[in-house]
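My structure is below; once you've seen it, I'll send some questions.
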Amino acid sequence: MFQPVKRKACGAKKINQPLTGNDFPLPAGFPSFMKLPIATSTEGLDACFVGVPMDNGTGYKPGARFAPREMRAESAIIRPCNPDTGAQPFTSLSVADIGDVPVNLFNVAKSCENIRESFNKIVKDGCVPLVMGGDHTITYPILQALGKKYGPLGVIYVDAHSDCAVSVAGERLTHSTSLRRAIEENFVDCKRVVQIGQRGTRVNVDPYQYEKDLGFRMIPAVDCWYKSLAPLMVEIREQMGTGPVYMSFCIDALDPAYAPGTGFPEIGGLTTIQAMEIIRGCKGLNMVGFEMDEVTPVYDSSGVTSATAGKLLYEMLCVVPSVKYAEK
Amino acid sequence: MFQPVKRKACGAKKINQPLTGNDFPLPAGFPSFMKLPIATSTEGLDACFVGVPMDNGTGYKPGARFAPREMRAESAIIRPCNPDTGAQPFTSLSVADIGDVPVNLFNVAKSCENIRESFNKIVKDGCVPLVMGGDHTITYPILQALGKKYGPLGVIYVDAHSDCAVSVAGERLTHSTSLRRAIEENFVDCKRVVQIGQRGTRVNVDPYQYEKDLGFRMIPAVDCWYKSLAPLMVEIREQMGTGPVYMSFCIDALDPAYAPGTGFPEIGGLTTIQAMEIIRGCKGLNMVGFEMDEVTPVYDSSGVTSATAGKLLYEMLCVVPSVKYAEK
Amino acid sequence: MFQPVKRKACGAKKINQPLTGNDFPLPAGFPSFMKLPIATSTEGLDACFVGVPMDNGTGYKPGARFAPREMRAESAIIRPCNPDTGAQPFTSLSVADIGDVPVNLFNVAKSCENIRESFNKIVKDGCVPLVMGGDHTITYPILQALGKKYGPLGVIYVDAHSDCAVSVAGERLTHSTSLRRAIEENFVDCKRVVQIGQRGTRVNVDPYQYEKDLGFRMIPAVDCWYKSLAPLMVEIREQMGTGPVYMSFCIDALDPAYAPGTGFPEIGGLTTIQAMEIIRGCKGLNMVGFEMDEVTPVYDSSGVTSATAGKLLYEMLCVVPSVKYAEK
Amino acid sequence: MFQPVKRKACGAKKINQPLTGNDFPLPAGFPSFMKLPIATSTEGLDACFVGVPMDNGTGYKPGARFAPREMRAESAIIRPCNPDTGAQPFTSLSVADIGDVPVNLFNVAKSCENIRESFNKIVKDGCVPLVMGGDHTITYPILQALGKKYGPLGVIYVDAHSDCAVSVAGERLTHSTSLRRAIEENFVDCKRVVQIGQRGTRVNVDPYQYEKDLGFRMIPAVDCWYKSLAPLMVEIREQMGTGPVYMSFCIDALDPAYAPGTGFPEIGGLTTIQAMEIIRGCKGLNMVGFEMDEVTPVYDSSGVTSATAGKLLYEMLCVVPSVKYAEK
Amino acid sequence: MFQPVKRKACGAKKINQPLTGNDFPLPAGFPSFMKLPIATSTEGLDACFVGVPMDNGTGYKPGARFAPREMRAESAIIRPCNPDTGAQPFTSLSVADIGDVPVNLFNVAKSCENIRESFNKIVKDGCVPLVMGGDHTITYPILQALGKKYGPLGVIYVDAHSDCAVSVAGERLTHSTSLRRAIEENFVDCKRVVQIGQRGTRVNVDPYQYEKDLGFRMIPAVDCWYKSLAPLMVEIREQMGTGPVYMSFCIDALDPAYAPGTGFPEIGGLTTIQAMEIIRGCKGLNMVGFEMDEVTPVYDSSGVTSATAGKLLYEMLCVVPSVKYAEK
Amino acid sequence: MFQPVKRKACGAKKINQPLTGNDFPLPAGFPSFMKLPIATSTEGLDACFVGVPMDNGTGYKPGARFAPREMRAESAIIRPCNPDTGAQPFTSLSVADIGDVPVNLFNVAKSCENIRESFNKIVKDGCVPLVMGGDHTITYPILQALGKKYGPLGVIYVDAHSDCAVSVAGERLTHSTSLRRAIEENFVDCKRVVQIGQRGTRVNVDPYQYEKDLGFRMIPAVDCWYKSLAPLMVEIREQMGTGPVYMSFCIDALDPAYAPGTGFPEIGGLTTIQAMEIIRGCKGLNMVGFEMDEVTPVYDSSGVTSATAGKLLYEMLCVVPSVKYAEK
């Protein structure tokens, strides 16, 4: 009765619109992402927001299971257009929030299975998922599903960590090992991988040998200090070419000043300006999915980490391939 | 796709069921109250949860506009049956969450109009609303709608304050004046009003003369100390008789130990045990609506105030007239 | 310009009134206690609110130095009359907030000197101080000043601890030793002392031998469980007789459920109802001063501890000897 | 009695000084801004701090009504001199804190009236107000008063938003529409307006057409990234000329890393260094008033947003026209 | 170098003593429980404090993995003697803190194995463990170890829930199913089980049929309202007889007013006074172990839940069989 | 029993290693710094972590007494190697956590004595202390001990303040006067002092005359804006020469965006990147001690300030003279 559903004519069809404060009071309503319509399948959708509220792959501070709920809540103030870039995602894309994947919070292995199966359905018709994690374990089953659909994927991995450990405390399914699992199963096109933002201490002094041997481009945080990353993205676009690309963005890539609400903060990280440059720099790539992980709301008293994650998800939406841009 | 809708056969029809942790992960999903199905009208519903996220009638600490969102979130762990009382609301009632009323957060008078009009629709076919306020201003337009439908109402008003001020700072539409406005418009059956839990300081030493002159039964908090309120409720049921009754419950009726997250805390208040006794004591009355107000999540760091409010709303659901009870 | 000063005619003079939400917006203005007028001396005052923002006598969690600020802020919603008891303090008493004593936050001994000298001035004409501590060290210099003015004092000491240690870690001026120092200097009339609410673990199993040997009446918390303390106060009034009495109330006398914001919480404490019974039970005694200590706002996220302390200070004001009461 | 008032000889008169930790303990005392003397009118004052604790023009997270209280509290550690710039405001200016305007927290329109009338008095003799908001609605009535006094004003508007909406949810008096109202009534000299820091999503992709058509200079946040704003301020000084100028600074102009405690945070904002460059760059302009808005303390757990706002207000004081500077 | 180890002569041996504020500054030092000596095995110990920092058996709000850390920190203010009961545990018992069991935070089944094996070692010589959980899953492996050592155990299970679910979301190892697993493996002497404090909603209206069929004594919370539980404990002591008894205490047995920092709060729970009555009522029983679960520090802003849990653990220590009591 | 002690062969001896998540669960165990072995003396140690949990030299927001506890807790995720710089401190240095100095929280003068005596022992055999303060008062007694051992010290003082006040409120031992005390006693080699990061308001407009007269190099924060500090450190290394150098780092040198949890935040401060540049720039100097002060955990809701302080302490460890570095 009370939450309007807004759709705008777009050629022959009417496409979903987010609600703004002019449409419905900002604090009110079921908090779907941007108060977009809620969908029960990806049928007819070009892109979808979807939560994966799992955090039992976390070795230290848990709580990312509540990240989708908070990102949705804080997304209430995001409006449809992007004046900085000219993107108008809701003039051409049909987008909805399809809710959360039924993760298993007691059993990591089963949770991964549930996620993989859910994503098999989500991507089967080419819908581009914008994933609200969850801890970073989820990248593994998501890449299984996307890799099965699209073949080995280019990956833009923005994270304070590289998540290519063989195991942690003897476990092979954790938030520190997920990318390695996906690589081992050949869902990753290793020449088309870039890792940006790695930093902090490690168990050995040359920690990225495995990644480098595979051909990853490594851009540790120290190489990002004091610079715009727009020039880097020119090179990354070249590296990625025309093949399918997945972006996995761990909120701890950001400096803790910008994202205090996460479980493994590392100082000397990226700024939100750099984060936007990275995402905006993906315009033109064949992006097939996006993921935002490790937001931990209970350590985020002001809500800024969830709000920031939500805004970056919106920026990701703006570089889904068929989005229309205004002339600048 | 991902949030199941659960319905149980009940005679000829299938009625809505809340989701439990067996049905869907507790932290996941769109947080409707108890993860009941979301409805867009009250058609076919015996009762509904509905939010009224307004707080611009508040003179001190605002923030109740976010109470429906938090009560819904914290309601995730409420399960369908009530072992203490034997109530099984979801075996006989058709219940849904119909979302939030489109309040006006800039203009109290217009907000009241919006609320009245929305409730005119909600109650027109006899659906019993379980209202998630909002500040206590909302009682006025809700009583306008219910009173229009049912005639003057008996009222069980549980609150630290009596909310019968003529005006506050010259304003007649505030959370301290709402009940008086409804009385003045004859929507209240003054012989069938009880106020429970009043306490704290006042601008004069005999503050309830107006209420007493109208014939209200006044049970200030000091008369509740150290006692079960079950015996009181026997008397209240007699007072209320068979006419329609509305319950308005301000969370500040509770002692701040039980409900810190509110804007006008007063020491020496009710316990949650007493609150349950009051609500459970309404079994058998002709309850036509319920309201839970003044939860202010931003002052509720542990979430217990929202959780408590949600559980009391569930207890209210259990005394909606046609709920079935197990033999004890 | 903007904060009105309200005075009411009372016989020949006009006496200070607190501001309510009808007089000035509740969140606005310089937060004197109850927004009473600010005075620069006690001249002409029957009672005064005064802060002693010292906490360097604290061995564990500091922060009580900010308690006067927060109690004043949270006192904004206290109104002039007390319907429960009929007290109307502002019809007969001239009251103001005289600000804070210039404590020394680097040096406990000097701080005590400053406090003693300030209280010598405050009480010289018989003004009754309502003290917003500060940690419990302050009782020592305050009793020095009051004892000098009035002779040895009866003391109603409500606290989880008895504060009669010889020393702590070799130090003799701490919040655990203050009462002993005052006793040793003969400012306390030991036959007219009652300690209420003591509990928790101690360094020996019979911890109150010193107090009992001096003739104190000891009412540990365990003797208060499940009971009204009104009957106890009948006995205490007899014990106190007509001599001058000082009340020292440590917020940790309350159970942590009611007062989480303090540095040494102990479970199994008093309720706020019992606290009001104790204070209200002092009506008729020759009360010469009151003190509220150990509120630690930074551990009090909802503000309820400061709010509770403020309301209890108001209850103390209501039992200042010459307050007028309405007929009940 | 206890809070010293400090005044320094300055030619023939003695002018007000703030208190430092050498004068009075930092946590102690009535928290006027910088513990300056409290004044009841602007008579004899060159500049004044004044609060406007209104937030009912807020569509999302309320709470700015408590901002003046917290800014004053956190201003305790600001000292009189500014070594970076050489400013010594208290050697030449007579400054006081005049308290808060009596806003109406239930009614935006009446609140605006109250503010306008209060500011008519404040500015009538040329006192420069340093305003502690409040939500951004307050700019409208303040500009009415200043515009009436000085004629159309140049405006330096530092904000994440441009606040020139026609209406929000049908309402014309909100924190998103205030500047437009002032423009419509000709209190703004549109050729002498600069807006700095705008960013984030909007309802259309070219959101500043209205502003540009009026001749505003627009410096969106994206144009500020990675740069000192000192050079910009050279140009702004030229744009402003010698006419009267008002600065309206919304704390959300800052990046949420610097100012988490606000209701509409937007990533990619200004740094506090840039904020200081903007304010310091106003030296030499004919500044007639300053305003700091939208601090929302309840979302600011560490107090840094209020502290930052207070320090920026101090920097504003340093560029009041007649302030004396040390030789560098 | 800096943290003294304190031991007291006790007959021929010197036994460990906790440190008080007289021995070492309260905020200082490695936070072992009560700053007892740290031991690396249970050799020579009569009782030990041990943490089991696992929470991956939690379906809703995680974080109990940090409970041992916070309970230890907050235990700094517990002193050796118990004046209420006369218990002097450190005059006869040799006690130490042996640290934490190496749980597996990624894999519940392996974590249970690790716990079982660790407890096999802990109890092999009769040392009585005082366990700092962790979520309630841990009861299962602990009962496996204790049951193996002592035979089927009497159990005093104080909890808002009965934790006898067959499974949750298809999983058999969770915090809601742990007691059932231990029963199925015959480690529980079902005639000697009491469950106290159950309440809240359930998936069916007669939820304790399984428990009752096994012969458990069920004391739901509703039967505890308004009463001392001392009389109940007389009956429980009779029920338990002379056989070995284990106490499992979930902090959510307490009302949320007393213990807000937990993941599944239920209103209408026990008071801390009742909790102490239950524990103190175990004096004289053949207690072989104790457990305190589900404290979730990140939802406990004031630290009172951890502090309360620590104090209850101390009370448990006081009823370890050979503790000496002072004459009363 | 449960917390492994890890040592690695290094030539003839086995040297201490920190525990990682592969060795022991991250949330588990006694939180020594990096879960290094706990030592009771500095015998055989090249460097040690040591806490000085004193904060009674603080004039405003206390709480730094809990900083060592929180830094240790948050250090759990620091791993042994430093990929950015190649440092491998645990391949050559023998390091342990030796606990906390027995400060006196009631008496600043005695506390300073205790600290001095403790540090006399710590440094007597050349062990390099990495100090976890505590408020900045502690620098004075630490410099007394180090100066006595090594002669007058070069000092790299990174702080928002210069801490060379003669006195505060008449007191000579405070956190604002400590460096001056050490200078007066000739423990500082004034030609080899640099102060970096000073900013904010002061009581006079040229506040560093004393420091400059002594020959200090002053690098106020304004000179650090928008720049890498690596070039500065080349000059500082030259200034320091080969003599012994002490680093005193106040967390408020950082901008509040990076370190909100401190008592005297000042805007416009250093970034964590600049902090790392400063510390890393000390490689090659004859560093004899390091200190990290003024972290105030209770104002640090997300824990990032403590985490940041811990990581900077680790960076300091990496520049202890004999640390081995990998080839880059």
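For reference, chains read A, B, C, D, E and F in written order, and residue numbers begin at 1 within each chain.
Note that in this section a contact is a pair of C-beta atoms (placed from the backbone, for glycine too) under 8 Å apart; a residue touches a chain by one contact, two chains touch by 3 or more.
Keep in mind that what you see is a predicted model, and the values were worked out from it rather than measured.
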Third chains touching both subunit D and subunit B: A, C
Chain pair, C-E or C-F, that carries the greater number of C-beta contacts: C-E
Chain whose Cα centroid lies at the greatest distance from that of subunit E: D
Between subunit F and subunit B, distance of the C-alpha-averaged centres to the nearest whole Å: 55
Centroid distance [mean C-alpha coordinates] between subunit D and subunit A, Å: 38
Centroid spacing, where centroids are CA-atom means, of subunit A and subunit E in whole angstrom: 41
For subunit E, residues that touch 2 or more chains besides their own: 25-27, 59, 61, 65-66, 104-105, 168-169, 255, 257, 299, 301
Interchain pairs in contact, sorted by label: A-B, A-D, A-E, A-F, B-C, B-D, B-E, C-D, C-E, C-F, D-F, E-F
In the complex, subunit B residues that touch subunit D: 55-59, 61-63, 65-66, 104-108, 168-171, 173-174, 298-299
Residue ranges of subunit D in contact with subunit F within the complex: 20-22, 25-27, 76-84, 86-88, 228, 255, 257-258, 272-273, 275-276, 301-304, 307-308, 311-312, 314, 326
Residues of subunit F that touch subunit E when the two form their complex: 1-3, 24-32, 38-42, 50-51, 53, 65-66, 68-69, 73, 98-105, 118, 121-122
In the complex with subunit F, residue positions of subunit A that touch it: 59-61, 168-169, 199-208, 220, 222, 225-226, 255-257, 260-261, 264-268, 299-301
